[in-house]
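Each of the next two complexes has chain A plus one more chain, namely chain B in the first and chain C in the second.
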Partner chain A sequence: MQENHSWFAQINPSVKLAALLYVMLLLISTSRLQVTFALLVLAAVGVCCSGWQLSTLFLRLMPYSVLFLLTFWMMATFGKGETELWTFGWFRITEESLTHAWLVATRMLAFVLLSVTFVATTDATRFVMSLIHQCRLPVRLAYGFLAGLRFIPIFRQSIRTIRQARRVRQQRSFWPWQTFFDISLPLFTTSILRSEQIAIAMEARQFRVNRTYYVEPVVTRGDLAFLLIIVTLATSLRLFV
Partner chain B sequence: MMQCEHLTVRYPDQDYPVLHDLSVTIDKGETTLLVGPSGSGKTTFLHVLAGLMPETIEADVSGEWTTDGTVGMLFQQPDDQFCMQTVGAEIAFSLENRQIARGEMEDRIRIVLTRVGLDLALTTPIAELSGGMKQRLALACVLALEPDILLLDEPTAQLDPHGQQLMMELIEELHHDPDVTLVLIEHQLERCVTFADRVLVFQTGQIRLDGPPRDIFSEHRTVFLTKLGIAIPRLYPYTLGTMPAEVAAERELDRPPVREPVSTEPTFDLVDVTVRYGKQTVLERISLTAHAGEWIMLVGRNGAGKSTLLETLAKLLPVQSGTIQLFQTDLKKWRDRMFYRQVGFVFQQPEFQFLKQTVLDELAISCPSPSSGQMNDALQHYRLADVAAQSPLALSLGQKRRLSVATMLLERKAVLLLDEPTFGQDAETTAQIIDVLRQACAAGTTLIMVTHDMELVYQQADRVLVLGSGNIQFDGSPEELFQETEILRDNQLFCPVSYRYQQQKEGIRHAGKPFMVRSN
Partner chain C sequence: MNSWKMKEIIVMMMLAVACGVLYLGWSTLWLPISAIFGPVGSNWMFGIWVIASPLVAYIIQKPGAALIAEVVAAAVELFTGSHFGLSALLIGLAQGIGAEVAFALFGYRTFNTFTLMLSGLFAAVGSMVYSLIVNGFAYYTTTTLLLTFSLQLLSGALLGGLLAKVIVDALVKTGTLNGYAIGRQRKQRAA
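Moving on to the complex of A and B:
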């Protein structure tokens, strides 16, 4: 998941997650538009610090901006309200619905930016290791999760093959969910077998809970300072804007 | 030392035990080769020795077994042994389990990586490695456990010839380590029998024969072994020079029959075809004409673009420049419906090409007008009658492969594209598939097949194409290819044993007297 080595990537993943979750909590605790905007700006600064080039950033955020516009439009035109501003056919925009639309859409965008920042700057292995050390995640669960991550590229390849095979054999489903089942059934049967195999292989390598760690994330002073800054900043934005 | 006394293992859902009253002692430092038909209990035996039963793998186990020292096990599927994302972390997983201090890990990781001949950065993602490299990494992970006993379950079965060779070299090196006890299941008998100390022959959960390789694979026993369905080494106990002619005929070392010239009627016609995958050019200006009834085999190293060429011919990938024609009609002008009645594709993983819930349905939708008589014939012909009502996904590896070929051949195709159809299959299934394909070929179907099996190329191909760095580097008959030592070397290809034997015989004939064969 991690794609660069920005300063953000150096922070302990659990600390980073805590900071982001705190900002998200503040976001859902407020219904004031100004506060939401201020926190959105904070999130945007976060994304800009995540070490992506502007062009990549633009491309990655494209789908979300479409989602933003859609949410905004839906909330604005179909929301409840008294003071009518504009009507056309089924669409009816009121002052209240407009404010509401702004609120929900910006909140959503802020959530997206925060999550993207986290995903872009966090290495999966280090994140899980940090969860073991800082959040006491059970070891068996953690290593199981890491093993599961390896299935994602394998799934992608398998789905490609199944689609090709369906094309060669000229098989089309009448209902869309049939396609879903036709693709997922072989995928699941093969992955059950594979996960069994992987579990056996892990046991054969003497997997145990009492172990040492190759990657052992610790919480440094820098991490704590980061947490403190974000929490103070976000709290003051929430209280004083 | 390992010892088993009256070991019996039965899986919960089965009526008969997989291992039945088995008693055997394996000494320290000994290298033992296990052979036997599939389902004879070899893998289960290794699982017991690895201490995986009954805790990890559920089964009823009775009897006594002891193993002295730590045990490491290497499995068949390179991909199904890893739980981390990068090379370094994966080897570290073994070290973590042994509770090695963190400061020591880096050095130890580098030592085992060097030992298996992998020169990789520790942050290399495992997903980027080839099958052969993955398997060597898996071996490195097992070696990081510093095992006294090493169990290997068909470690080369899923690798290409180059990967197989490197892996066998590593295994032989381990055999020379006096502290390591090796127990291996392996179908690459040719190489194994030269260094194994002992061979155990398994049949229906029991050890039928036990002795040194020279004894087990001696001449009077080969008939017995063949009857059990056990492959025997092609040369052993002879060498290329000392092989008697009558044994050579028995072991299929003969020159393949002379092929009749194929028709001149073209099927596929490619002119300057270029295919890109993202920004990378996979195929560059490929020109090729295939004829009806011709059996073309595509060989080359991993990533040379063999599968890409097949997918392009099957209209599954777009062409950037150049033209592909089938029966003088451009591929773009063919309607999908009509095109796929002419062209079939057998994928490398059969389970992903099945569409129906039962074997019978699967065959039925492959026929334009299925009748019950025709279905029965097909079931008999492909030996699927016993499993007609089962789900295709529940079949054995060989049955899946036969079904996938059957679905493509029930309707006569003009061209059949095959991506390594014999890969990882046992000798019996391979022979059946080749037989069916030969019939299709005789009926006028063009076969274009990707393979790594050079023996198959020599025995069956009308024409062989070597694909390397996006180009066709060789196009001609197998015999011509085997004389091009440079092309073979550059593309990591090997001459098959039967060809080398023929060469040897030729040499003797020309010289007029037998060659002196060096004894070591």
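Moving on to the complex of A and C:
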């Protein structure tokens, strides 16, 4: 997650999250394709406002078309229905399952677009800070989480190293969960040792719940206006389309 | 939250984040399998995605650990900028609540193989409720649906609960967990 210079990035992250989650709830609440499609268009407008150039956007969203097809395929071939259109092996496509496939795949795509809008315009630290101030997330949890976040690339690297070490020694397990065990055990051991060091370091530097903040995120009038616009727009799309 | 020690909070967060990173790898394994074999053929893999709850709850043994761990592990997907970001957060919440209920039923006193497997099972139930409502699982054929669900339940209990138990027991042997509830429990039993 990284911030850019778009107008979306200026909005308070908690408010933005609330607005997007509201649209998601509306998407969940409807089973009509037209409404889902209208909300998808709204999400698409959101993505276009997220400050990316259209070419970058196109490249970033290409993989999701595969995902769209996959979701569509799963529902179309394994869904229930009467009017049979096409069968092959254990795949069976019916008229009803096709309709449901459109619905579920469109909903999934709308979720993806909403997620992309949020992820592309929000800075991780600012988001957590805003959670502390606007959503009363306990401070110790928030800072613990921030510490954990910094370790994502480190964890990824160590998983890569462990897998390479296994390959060099020609260790192969037949069952996937054995592989999971073999990779996770050293990963967890080092992360437990590290977390102990982090906790001691934080306490040694007088980390306390009562603290002052260099920047305190606030909810401005613009944020509230944004929330109001999105909520009215999405609700009216849900009700009147 | 006040009864938590700082190192307990950090270890919970770090393990949950590590689980989240492992989930990402597991997802890439799952995608091709699910396309070919459908929801039935791929759902035996489901259990790994709920492992964070029983794993962390077994180590910390405090109320809330299971829920927070699963939500944090799901949040890793959001924070790495993944396409499932927000929906992963919602499904993580559903799974976390399920897993938490299993420990709450026993008053957060019993943490053994049974409660851990139950927590994996309940996490699977939570995930199913979510899938039924959101991912349109209700539209699958009844056979597909029943097979998928029983497979998820089984997988949640085995790959989620039981595997978590095996992993934590192995971790205890390394001695890194001596300062936590699970390590202290072992020491008392030995003495």
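Note that the second predicted complex is superposed on the first by the 228 of 241 C-alpha atoms of A that agree within 3 Å, B and C clash if a C-alpha of one lies under 4 Å from a C-alpha of the other, contacts with A are read in each partner's own complex, and residues count from 1 in each chain.
By definition in this document, a contact is a pair of C-beta atoms (placed from the backbone, for glycine too) under 8 Å apart; a residue touches a chain by one contact, two chains touch by 3 or more.
These numbers were taken from a predicted model, which means no experiment stands behind them.
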### Query
Which term applies to chain B and chain C once both are placed on chain A by superposition, clash or fit?
fit
### Query
Between chain B (first) and chain C (second), which does A:199 come into contact with in this model arrangement: first, second, both, or neither?
both
### Query
Regarding the shared-chain residue A:169, is it in contact with chain B (first), chain C (second), both, or neither?
first
### Query
After superposition on the shared chain, which partner residues are touched by A:210: those of chain B (first), chain C (second), both, or neither?
first
### Query
For A:104, is the partner it touches chain B (first), chain C (second), both, or none of the two (neither)?
second
### Task
May I ask you to name which of chain B and chain C touches more residues of chain A?
C
### Task
Check the residue A:124 against both partner chains and state whether it touches chain B (first), chain C (second), both, or neither.
both
### Message
One more residue to check, A:161. First (chain B), second (chain C), both or neither?
### Response
first
### Query
So, A:28: does it touch chain B (first), chain C (second), both, or neither?
second
### Message
Which partner chains sit in contact with A:149 here, chain B, chain C, both or neither? Use first/second/both/neither.
### Response
both
### Task
Using the superposition on chain A described above, determine whether A:182 touches chain B (first), chain C (second), both, or neither.
first
### Summary
Reported in degrees to the nearest 10, the CA-centre angle with chain A in the middle and chain B, chain C at the ends is 70
#### Entry: Minimum Cα separation, chain C to chain B, after superposition on A (Å)
5
## Note on the structure
Overlap of the chain B and chain C interfaces on chain A comprises residues 124, 147, 149, 185, 189, 194, 198-200, 202-203, 207
### Query
Which residues of chain A touch chain C in their complex?
1-2, 20-21, 24, 28, 63-64, 67, 70, 73-75, 77-80, 90, 96-97, 100, 103-104, 107-108, 111-112, 114-116, 118-120, 124, 138, 140-141, 144-145, 147-149, 151-152, 155-156, 159, 176-177, 180-181, 183-185, 187-189, 191-196, 198-200, 202-203, 207
## Note on the structure
Per the touch rule, the chain B residues reaching chain A in their complex are 47, 50, 52, 55-57, 70-73, 75, 77, 79-86, 88-89, 92-102, 105, 126-127, 141-142, 145, 311, 314, 316, 336-337, 340, 343-345, 347, 349, 351-355, 365-366, 393, 407
### Message
Under the stated contact criterion, what part of chain A meets chain B in this complex?
### Response
124-125, 143, 146-147, 149-150, 153-154, 158, 161-162, 164-171, 182, 185-186, 189-190, 194, 197-208, 210-216
### Task
Enumerate the contact residues on chain C facing chain A in the complex.
1, 4-7, 9-18, 20-22, 25-26, 29, 31, 34-35, 38-40, 45, 48, 68, 72, 75-76, 78-87, 90, 133-136, 139-142, 144, 159, 163, 166-167, 170-171, 174, 176-177, 179
